[in-house]
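Quick heads-up: structures coming right below.
In the two complexes that follow, subunit A is the common piece, with subunit B as its partner first and subunit C second.
Coming up: the complex of A and B.
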């Protein structure tokens, strides 16, 4: 049996008694680009941090995260460093805060190489400049000597990307990598991300709330709501036939019928409840038009298990 | 507009602070190469005089030149300040960084230990040390330094906690930076501004504490002049020579003001939220 690149089982993150991530399970194969979508506060960023072993110290993380067959949960940071190597890297949303404001950007990229590849200072420097060129920044050797505040948002995000890809990672987790950028810059960065991930044959876990972005970049899709994965499948399949009412709602909320200002703004009724106040049974039932007594008491399982398109719902949307 | 006003106000405070602190430093430096009179030289015919051409700030009841006493006293003030703040930050900063970057148990244990230290005022520590080793400049410096450790530990911990949750620290940890290199390269530079500001404020407090300890006879012993003891000696002659306590008092007040203003100004200059992008 082929070992999945990343296998997450029953991943749960608690703050005190409140569960922010409630039993997330999924697996990623090598070379596959997967999107993880959901609204703000549904636990998607926390899931990413928990996978990376970077959840806040106030959080309790349980469950299992296997990366290249090795369990990561419950390991001390020293071992985590060894197991992750720089084969599991991350790009955060905000390019300003993702760079150390007091370190030249070239040095920051070189740091990545020095920690893991045990590259010498000179070699790390040369490779850092190559990486700056790879992310298509002009005048790499001069750019390497700049501080983050001397670069624009898009340029910074390119540096962040260079850092994430420096060690030739097997899996790149990108947490809303373009949300903080201008629309035009967003497109550039996405294009770059897409090219690089394909060139380097890196798996991608793209976290976003933007359906069109995920649709244009990813092959697989995970839909998250209330700290759990409610639907999983191939992007084309899920978009063509969304089974979970939440996915269907998201889908219709982000598509336009008229573009002359007469279109109704479609929304999903209500908003995401705060952590710890999700309803029992089905987490979505208080906002779902199909909810009944079954949804009240029985948390739905993801079915059919192992099939290419799974959904956790008692009343999946029918497409007949 | 407001930003610029704020910046200018910060500049003014900073320069005033710097000028006052610089003045004290120059006084101490000058005292090494030139003193109008010896610190122990007495002039029995001229006691308790007011300011004059011979004695710029007058003489004390023993006939010693007050200007000389103040001039040489600035050395003690600066020396005690530097060493006390040095002790406090060299212990407090690593302790605070440890607490701020560790899990709950280490954090709680360390900070409660700091609370215990914090419960001892500098004066009490100085009395304990003086009882054991005799009052001296050294015991005063150690007492003030130890009593200030928790202040540095707390402020460093708070700043560290904040920096530890920043994305760049998470990124650095994701590619395997941890332990001392993480602290020294990523956390320390980013919390340095907070520590520098605290150091200048702590310096002001140390000056006051030293003056208080010397006033109580727990600090620097005669004949080495200090502002605190000059003040205490002047107390006895308050009604004979009312100007006597003014000089050391003004010296203490101005240098404390100087370090406080410097701290304020530095905070404005180094605070990243006020800094121009």
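Coming up: the complex of A and C.
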């Protein structure tokens, strides 16, 4: 039997009595690029942190995360450290603050190799320069000697990317990697990310609120709302026939072709409630135009008849 | 791209020269202020010495002798010229102010420097632990201990130590710095043990709170999370990336504490009857001994400016961002 690269089952993250991530389940196969999409506050980043074992200490994480067949939840910190930065790596959103301002960037990259005993100090320094070249920064050996404040946001994110790829990971989690950057820089970084994960044959879990970005980079799509996965399938299928009213709303909100009668862009009514204040039953009930009394019950994630992908909704959008 | 100056020898030398220039200029301004403001106080030296009912002729004669009837600029250049040669003039009791200040500094400087060293040795590890174990039992215990340490007045702690350790158990002297000074090394050291302990505990409790909040701040910093994502444990991430970042605000507080203590140690000096600089200043003010006060104020200003200079250089050594705009 082929073991999935990453298998998440019933992952739940609680802060006291409030569930910020509720029973998330999905699996990723080797070499596949998957997008995890949703509005701010829906639990995307927390899901990523929980997978990495880096959720805040105030949070309680339950459920199961199996990476390359091994359970990560409840694993001793030492063993998690052996995976992190090595087989399982991450790029965070904020390149401005993600690097230590007091350390040269070359050193910060080299550190990854040293921590995992992949190279001694001198060898690690040489490989850091190679990695800087790999992320296409000019004059790698000089750049290695720069401090983060001497680099632009885009350059810093390239350094962060070099750190994340230094250990030759099986899975790279990229949490909004371009959100903090200028639009022109965003495109460059995405292109680079796309090329690198292909070249290195690394699986990618791309977390974003930007549908078009996920559409251009990913094959599989997970749509998250209110701490749960509400729809999943191949990107092309979900985009062609969004089944969940939330996905449909996101889709038309981000598409210029869908405007309402007055030529304004469509929006989804209301906003994401704070953690702990989602309605019982279907989490999208209070913002959904199709909601009725059936939606008081939690909808299971299932494949509706005649559809190629899964949705958690009592009233999936009809495309007939 | 903007060219950045390398952290090379030239840049360091230029920086140090510039900073030294600022230091000397500040010292000149401070000396003018200290001299002029104190000289302009109502009730001049001659008047204070002879009393309010003094004979005007005697007053005039004394002013002539003291030179205080000359224009203030002449008086200043005269004074500062002496100071540069190491001559601070004579006090009211005809003692050399310069050598008295030097004698007092031999008590105050060791007291303050050892006290702050002890404070740092206490505060850095305990403050770090308090932050790492924040909201857990060890963190709470340490925070409470530091609060108690801040709340206890230093003089009271001093009196308690004198009562128990010096008087009841007779383990250490209650101050009594030897009149022969550091020539009697052993008894000089012994006389400073209790005062240094009090100073170290009191200042350590304050410093510990700053260390704790600086470390807490860094614990939540993105770059520490990045370090953990690289595969470091929280402890490794803090040692390699966290503590040096946390040192920046702590160095500021350390500098301020040192500067304040040059005079602030007077409370401790009083409790342990140590002949320190703070007490000399208090005596000078009490006697309206203006030349003595002027001398002490100038020396203390110089020391404070020097501490600030060192803090500035340390900042630059720790933080490369400050080296960019040289």
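Heads up, the rule we're going with is that the second predicted complex is superposed on the first by the 299 of 320 C-alpha atoms of A that agree within 3 Å, B and C clash if a C-alpha of one lies under 4 Å from a C-alpha of the other, contacts with A are read in each partner's own complex, and residues count from 1 in each chain.
Assume contacts are C-beta pairs under 8 Å (C-beta built on N, C-alpha and C of every residue); 3 or more make two chains touch, one makes a residue touch a chain.
Model, not experiment: these values are computed from the prediction.
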Subunit B and subunit C placed together on subunit A: clash or fit? clash
So, does A:165 touch the first partner subunit B, the second partner subunit C, both, or neither? neither
**OP:** With the two complexes superposed on chain A, say which partner A:311 touches: subunit B (first), subunit C (second), both, or neither.
**Re:** neither
Give one of first, second, both or neither to describe whether A:112 is in contact with subunit B, with subunit C, with both, or with none.
both
Review point. In the superposed arrangement, which partner chain does A:83 touch: subunit B (first), subunit C (second), both, or neither?
Key: second
Taking the superposition on A as described, I'd like to know which of subunit B and subunit C A:134 touches: first, second, both or neither. neither
So the subunit A residues that subunit B and subunit C both touch are 52, 54, 77-78, 81, 84-86, 89-90, 92, 94, 97-103, 111-112, 115-116, 149, 160, 163-164, 167
Residue positions on subunit A within touch of subunit C in the complex are 52, 54, 77-78, 81-86, 89-90, 92, 94, 97-103, 111-112, 115-116, 147, 149-150, 160, 163-164, 167
Subunit B partner, complex, touching residues on subunit A are 49, 52, 54, 56-58, 77-78, 81, 84-86, 88-90, 92, 94, 97-103, 111-112, 115-116, 149, 160, 163-164, 166-167
The subunit C residues in contact with subunit A across the complex are 4, 221-223, 225-234, 236, 240-241, 244-245, 318-321, 324
The answer for subunit B against subunit A in the complex is residues 103-104, 165-168, 170-178, 185-186, 189-190, 272, 277
